[in-house]
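In the two complexes below, chain A is the common chain; its partner is chain B in one and chain C in the other.
So, the complex of A and B:
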């Protein structure tokens, strides 16, 4: 048996992905309707943002375009969790019904195998919309466009994604211990809504919670400070890539620990 | 040659919450919990050689699934040793997975939306099956069952029978040393059952694959297994040849006769003459359960013929189903 490295896993992933897309596209009506739905979800999200900011030209010193940047940033950073880790939402049913056991019999990483099964194509629309929003607000704010800025943007987008993925993994993994863990996962996922706002608008208590306990401030706020407020970047912003990696690793360990404790229902 | 599976004094205990009754009981459960330890598998030992087909039987809740889960590495035994192909399954789950194939009756492990052939190609990549072996396996499958029409059908659109067949083929694809089949023929029609039995038998013969089969269908056992292992309440009751099992219990045969006169009344009379054998009667037949260690059926028949007008008779062998039922109910004495 050959060693199973990154290339092996990437190969498997793309094979599953290609097949999955092929089978999804063979249902044309389904495909078209979900594409339309995806466009409307994004438009309505933006419209409610726009209505809100027509009445408040600035929030706590953050201008409309800076808020828009934050909004776009959170959209893009939520794309990986939406596209690649969507199967976490079904974990509860698999565990409850005992069907999760089928993932335990393959000679590959359990976490990878489970997540590889679903690729949610709807996230791609969100990605396009988010990139558009970032580009637009970038120009309006008058930020310089240098390679360094681009690298910063990409690194901090990845950081933000990792934290979101970590939150969702941890939320989903609770189902290995709790019967009805939907609320935990839902709660974890709802926190993302707060990620769109500058953390300074919250009271100190929530600021503390969102920074140290449920680190959603790292999803958009701390990373985007690096780009929007280069002269007043707190230490926490520079720490956020590390925080992202650590949280992702912890959530992965928790997920795997839960999965190995899992024993399945009788059959 | 070293045995492919070695299980020594394996015990698995679960902690289960003892729930109190009623709403108030549930509230109390929130604050103080009573756990009790349930022994699902109780010091089971067995040795299985490469190429055997072993029927693993027992009533529902006997501990079959738990044993299988321990052998596949999903569960860790509480105590005792398991070696599967030289691996400790729980410690080397992925390594063990490379050597085994698993089919759980109604739970398909194939990719739901994909045509079967795409699932096969994915499995070829996951198990790193050399292309030559993969093509040979497909050719073998084609010669055993006509898989061509199934290959391009999404698993989701298959009938239960086709899906089970596909799952079995998928489990054998990487030429594993052992295949675990958990109730493979459950819910299938007679012809599909026969097809699947033939397939399992042929694959076992061709590839020398060890097969561990759990089932409640004695047809599967009679068609496939030379050896059976029976467990109940976690304890092993029987581990031997199926022929031995029959001779063990099978000295019993049922003699059925039809005589002149009311069957019920005649049966009582016969019972008086043959006190050592139980005699029963239904609307059609008088049944006499003859223990052949005590008297030959032919002698019993001869004795009856001298005093009764026998119009019709038949002889029934005890079936493996009856034997197993007897063991479940009474155990092995």
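So, the complex of A and C:
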């Protein structure tokens, strides 16, 4: 099969996206309630953050606004997985019911086609909250604002977002082997809540685990150091884009490997 | 023989829960990771506070509170909203409604098997480990009786809230959104994520009057109660407060369900 170009895929993506949005709009009440639910989640996150840290000037050498920056950073870098890869949550049902077979018969990349089918608009609220938080804490900390900084921020945000996508892909892909993969996926999803804390609060053993085994430290901590502490950026921070890409590639391979193992239900 | 039919549902639930052993293993791993994060986070917070006691709680108090809140959550979360919502969407609810047992009771008792397994396999081990590790942060005395009574009422209040919210699904067709709103509110305002003692004074005085506080905060405070830290009448007041909400929520959820049932339209599943 001839490899298809990026433009071809982008064209298809937007066409599928339009269909998905149309079908979502026909359940308007559900859409509105879900959006409110998402806003609730974000507000509750901020309230918890505020209650926890309001009375302490700094935690582990991190000032209140630096912690807030980290929080905002994690919100933005977790948006792509929410918006673009939400269909992972349905994978186990498709595999279980046998409907997954329909994806296998398309002459385009299986993974791409599967993920492009759902776009979760709710996630955009989180993006707005995240950008607002970054901008606010950026001003409060008094960081300089240069075009170079902005480019750095965007590059590191994008690569950081690959980590959570990779974890979700891998979690979802387990359903090709085990039946009730919801718990695995849910476990992976809960990691996102831990990304907003500086990794330095952990003991060395867990610092190692959260850096190399379950790489949640790359969702916000390491990449945000590039912006927050430009004078003393550790090597791992510079490596974080590479880590993101490698983990994403691995999860993609695992997902596709599972999909080729898929034998259908015979119906 | 009335109890027998309920206990049959309990037994079926236990058997069902034992089928999903892998799920339990994964859940335990998830909880352990959560507890590790909580431990280090609060350790850092207490280290930066510079004092041993913050808002009347020591580090080990806070840890006991949060660890057992998680254990209680696992044991009390019944996914009632999902259950009701899915039954409505699939039409299965019709079959449940014509059963010769009240739907509210049927749902509760068919879940009670999970209570038993969760209590034995999650809550009890966690409780024993925490009690052993913290040496004396949990007082083993009359407060355990209060705790037991409080947990029973907490389960009831939690179920009533769930059922009330689940009933809303009859009107909205949105399960995810309704459920996440409920979950966020309950977890935050009940003290399950942050002990209520850490809330700012004004916010706290309001939150402590809401039914959510009766779900996690009251039982956990009984557990940390060492017999001298409260006025003699205070434990009784706390129980009365729970009982009040227990009854109010039960009546509310029953009435709302009855009123909603008249409006029900379900696709012919």
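Basically, the second predicted complex is superposed on the first by the 260 of 267 C-alpha atoms of A that agree within 3 Å, B and C clash if a C-alpha of one lies under 4 Å from a C-alpha of the other, contacts with A are read in each partner's own complex, and residues count from 1 in each chain.
In this text, a contact is a pair of C-beta atoms (placed from the backbone, for glycine too) under 8 Å apart; a residue touches a chain by one contact, two chains touch by 3 or more.
Remember, predicted model here, so these are calculated numbers, not experimental data.
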Task: Side-by-side fit of chain B and chain C on chain A, or clash - done: fit
TODO: State whether A:11 touches chain B only (first), chain C only (second), both chains, or neither.
DONE: first
TODO: Could you look at A:94 and tell me whether it touches chain B, chain C, both or neither (first, second, both, neither)?
DONE: neither
- [ ] Considering only the touch criterion stated at the top, classify A:184 as touching first (chain B), second (chain C), both, or neither.
- [x] second
Open item on the list: Applying the document's definition of touching, compare chain B and chain C: which contacts more of chain A?
Closed with: C
TODO: With the two complexes superposed on chain A, say which partner A:117 touches: chain B (first), chain C (second), both, or neither.
DONE: first
Open item on the list: Quick one: is A:20 in contact with chain B, with chain C, with both, or with neither? Answer first, second, both or neither.
Closed with: first
- [ ] Mind working out whether A:106 is in touch with chain B, chain C, both or neither, as first, second, both or neither?
- [x] first
Task: Vertex chain A; arms to chain B and chain C (CA centroids, nearest 10 degrees) - done: 90
TODO: Please state the minimum Cα-Cα separation between chain B and chain C in the superposed model, rounded to the nearest whole Å.
DONE: 10
Open item on the list: If I apply the document's touch criterion, which positions on chain A are contacted by chain B in one structure and by chain C in the other?
Closed with: none
Task: Touching residues on chain A, where the partner in the complex is chain B - done: 1-2, 11-12, 15-16, 19-20, 23-24, 98-99, 101-102, 104-109, 117, 262-264, 266-267
Open item on the list: Quick check: in the complex, which residue numbers of chain B touch chain A?
Closed with: 14, 61, 65-66, 69, 72-75, 93-95, 97-98, 100, 102, 104-105, 107-109, 111, 113-114, 118, 121-122, 125-128, 154, 182-183
Task: Complex contacts: residues of chain A adjacent to chain C - done: 27, 29-30, 33-38, 40-41, 44, 47-48, 51-60, 178, 180, 182-184, 186-187, 190-191, 193-194, 197, 201-203, 206, 214
TODO: Can you check the complex and tell me which residues of chain C touch chain A?
DONE: 20, 22-23, 26-27, 29-30, 33-34, 36-37, 40-41, 43-45, 47-49, 172-174, 176-181, 184-185, 187-188, 193-194, 198-200
